[in-house]
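Pasting the structures here.
Below are two complexes that have chain A in common, paired first with chain B and then with chain C.
Here is the complex of A and B:
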């Protein structure tokens, strides 16, 4: 099946899926917090575009609303809040030394392959665009987890957490034209509250251990001290 | 149906009320009244369902059937008794200078927030809202885990937040897949409604549902505390204020299991195989055994009982996984007796920690001499949770064993091993704490032990004879879940 034979919507969604996947990889290798947040905002923007595009092709107002919510939350509000925290805690010059960058990237690539493998049973009776979108959604989720494992900084963890949410949202938009409105509003509310709580936590953590390096949080474990 | 709306509106108004007036000296009593009213509403709801069967609200937003109504009553009951315990407990903490007025406001406000999320999880008919409410329960409790602001509690809260957040994101992916399977067969706006899904379960694509269930089990399983996703649970339970440990153990874990069982009913309908059950059995048994072993090396009294919670949740997951009517009946009974016993134990544990001024097991000694009521409460509670007859936990564990012998006889030795290990693990730690020689400097604390007495008496009663009406109730729920009656 040639890409150029598809209609405009399919082509656009496939390209957006590729770009969303790419931003996840960019985040994976990024040691500077401000750039990490910037790439996260770009991912949110791509998500907004995908949602609006789906709304346009379906002529569906509800998708426009969720595009607006995404724009507000994921592109403007959350990146802005995170950036403010970075400046407030004076972290904008820090560069995190990432160990095993190559191994992490290769791991990320194998996660993408794994996502396609897991979702293979879905393929039989569905168009190709769906398989790709769901697989990219799942790989963004898994890459978000990998981001949290490979980075040691609490703010990077939050970016990973939110990008997991992005992956889920992308899968929902493309495969099912979004969730029912009430569910989507609920999810947006949860994300917003989570973002605020994370802000509170940064303050508490930096007060209690004097840094946001999660490796320093090691008081609770099963091993006898 | 009015009862269900009131049940939800009440804690919702409670959030605002306590956020403003939560520092008032009599606030503990007001919290009790809020929860008492919720219990009345839940009983009203239960009577409605008992007389006229399942209720679906206009617009299909809420569904009350025999399965969730029993959990609603249980939730309201444990919510009430824990609030009775929490009133003097929190006052003691405040007088000791551990909490400021602002944090007390936060505590009471979020107590109601948590109750609201629990009621929403149980009453909603929409699988998407179920997820939203489950996440909201995490958000409501995460700041309570770090209420004392010690480095340990902040670490525990962060772990809880990140692990449960990431875990439950998997459940959302499962929900997306479920929705995707559902819109292939019907209308889109109601496609996530459980009633619609359940009616059309046989038409759903079995392969997609299998994948969806794996994600749901991982997602909600993180909240149940299934091994190997359990890391957050002992930390969150041990570092937060004790009333929170009681409701987390007694309610949150149950509700997460409830979500898994609801999904299992759908998947079983679609696949017509037992794959979902086998997955649950595997995870459940693993959690049961691993937690029983970990009980032996605990140094913190609250961590000890958190591992006991993991163990019991594992057993319930296993029993629901077996899926025969008999096993389901046992699992439902076990859910109830475990909630009651575990929240009673956490109440006494909270007092014990206040008496000794620490949660370290090696420093808590001679409770029976210092404050006999607390010591006996802890001892009898532990007897009950370890599965000694004549308490209800014995009955339900015995039923699970019988069901296992019937369906999977070769798994029985593993279960027996786990029960034995857990019993030994609990008693090697509890015995010196209760008897032992009392150290210097222990002080009496104001304790309200009525919640403990009431809970343990009910558990004892359930162990001696299950009342006819309650048995009938369990029967109805069992028929709903497993398709036929056990008795």
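Here is the complex of A and C:
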């Protein structure tokens, strides 16, 4: 099956998949929190577009609802909440010095290869070309984890966590034509609750150690040394 | 017949390249609210330089004098490999895209030697910077180009462009990445902002200008012309690989003429984009250039991966 024989929608969804992967890489190398949140919002927007296109091409109306939920939550609400937190904690001018940026990036590229290698046997036997994008979904999940490992800032960790959820959502769209509505609504609600809870956590962390740099938590002790 | 067209095409390439440089300069001047020089100013500059007597240092060896001729001829050969208005030409068939990158490397090698030959501090500094930039730009460029060649299953530029031209409009995820990587590399290789500034003679920022600082007269003219040609080659590569529509597939006068018009339209749009980006962005610190180029390499690698992952035929 050549890409040439596919209809325009499949080509467009595959291109959007590639761009979603790219935004994950952009987040990986971003030291400024506000830009990190902005790239996260862009990823949400690309996901929305991909979902709506998939809904249109498969004639599946409930994908429109999940596209609308994605737009509302991951493009508008969660980035707005995170941004408000950044301004409230006065972090918008901080630039996190990322050590080993190039190594992290190359590690990310090898994660993409790894997820392709893992999923290759699964993809091989199906005629559905859209399933090719499953590897991108898995690599977005893995890249989100790498983002959480490589960044030290708590807000960056939250963005990484949310982008893991993006990857799962994307994988669900391309492999099963969207999860059942009830599951999707549940996940969307969970993510929203998580975002609110994280906001409260930020406040507590910054109040107790006067920073959101989680490396400083290594020095917390029960007894004074 | 084909050889004559190939020859004419190369000639056209060389003669049009100062015009492109003039157009970029014109757009940039207008964007910065300055009065723009005429579009023909690069031609006048070249003519003026050829009339001047070259001043050559006593410590210069033959290498210093030979370098401008070597650079210019390498660029002419590189220009002959790139399909400008017609695909399927004998010159393009004789050398593939890896040879093209080789021509650039060859010219750069001699330019660096020429910069160090006299022994001034500037020349050596510019040469070492140029080598640092190019050592990272070349793999990134090859990565971007391999994405194209894997799609077309040929490293020959004319075959690859013909392939893209014939299959019509297909959204390829890998081509998006290859285009971004190619633009990033082209900016670094032709020494534009944010990697190098072609309009300055400030010692802290120079790369290309530092190497050619000692040259004068017709030698300088040749080097300048070679760098105009290099800019044009990269512009044509980006236009013709990613947007090849309008190129002539048969050698009739009307097809070639409309191809030329299309090409000039595409190149002038690209030049406007270049001028806008040069106006919007400031020059980077030199030590951030490796970061920029490793990003370009990463994009090229992602293009290659997305070709394998997303477009794999089964």
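Simple rule for what comes next: the second predicted complex is superposed on the first by the 210 of 225 C-alpha atoms of A that agree within 3 Å, B and C clash if a C-alpha of one lies under 4 Å from a C-alpha of the other, contacts with A are read in each partner's own complex, and residues count from 1 in each chain.
Heads up, the rule we're going with is that a residue touches a chain if its C-beta (ideal position, glycine included) is under 8 Å from a C-beta of that chain, and two chains touch if they have at least 3 such contacts.
These figures come from a predicted structure and were not determined experimentally.
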Combined model on chain A: chain C and chain B, fit or clash: fit
Which superposed partner A:201 touches (first chain B, second chain C, both, neither): first
Partner with the higher number of touched chain A residues, chain C or chain B: B
Superposed arrangement, angle subtended at the Cα centre of chain A by chain B and chain C, nearest 10 degrees: 150
Touched partner set for A:19, first chain B, second chain C, both or neither: second
Touching partner for A:29 - first (chain B), second (chain C), both, neither: second
Partner chain in contact with A:95 - chain B first, chain C second, else both or neither: neither
Partner chain in contact with A:149 - chain B first, chain C second, else both or neither: neither
Partner chain(s) touched by A:179 [first = chain B, second = chain C, both, neither]: first
Partner chain in contact with A:103 - chain B first, chain C second, else both or neither: neither
Superposed arrangement (fit on chain A Cα atoms) - minimum chain B/chain C Cα distance in Å: 18
Common ground on chain A, meaning residues reached by chain C in one complex and by chain B in the other: none
In the complex with chain C, residue positions of chain A that touch it: 1-4, 8, 11-12, 14-15, 17-19, 21-22, 25, 29, 101-102, 105-106, 109, 112-113, 116, 124, 132-133, 135-136
Chain A partner contacts - residues on chain C that touch it in the complex: 167, 170-174, 176-177, 291, 294-295, 298-299, 301-302, 305-306, 308-314
Touching residues on chain B, where the partner in the complex is chain A: 126, 128-129, 131-133, 135-136, 139, 142-143, 146, 149-152, 154-159, 161-162, 165-166, 169-170, 172-173, 175-177, 179-180, 183, 188-192, 205, 207-208, 210-211, 235, 239, 294, 297, 299
For the chain A and chain B complex, residues of the former touching the latter: 118-119, 121-122, 125, 134, 137-138, 141, 144-145, 148, 154, 157, 161, 164-165, 168, 171-172, 175-177, 179-180, 182-183, 186-187, 189-190, 193-194, 197-198, 200-201, 204-205, 208-209, 214, 217-220, 222, 224
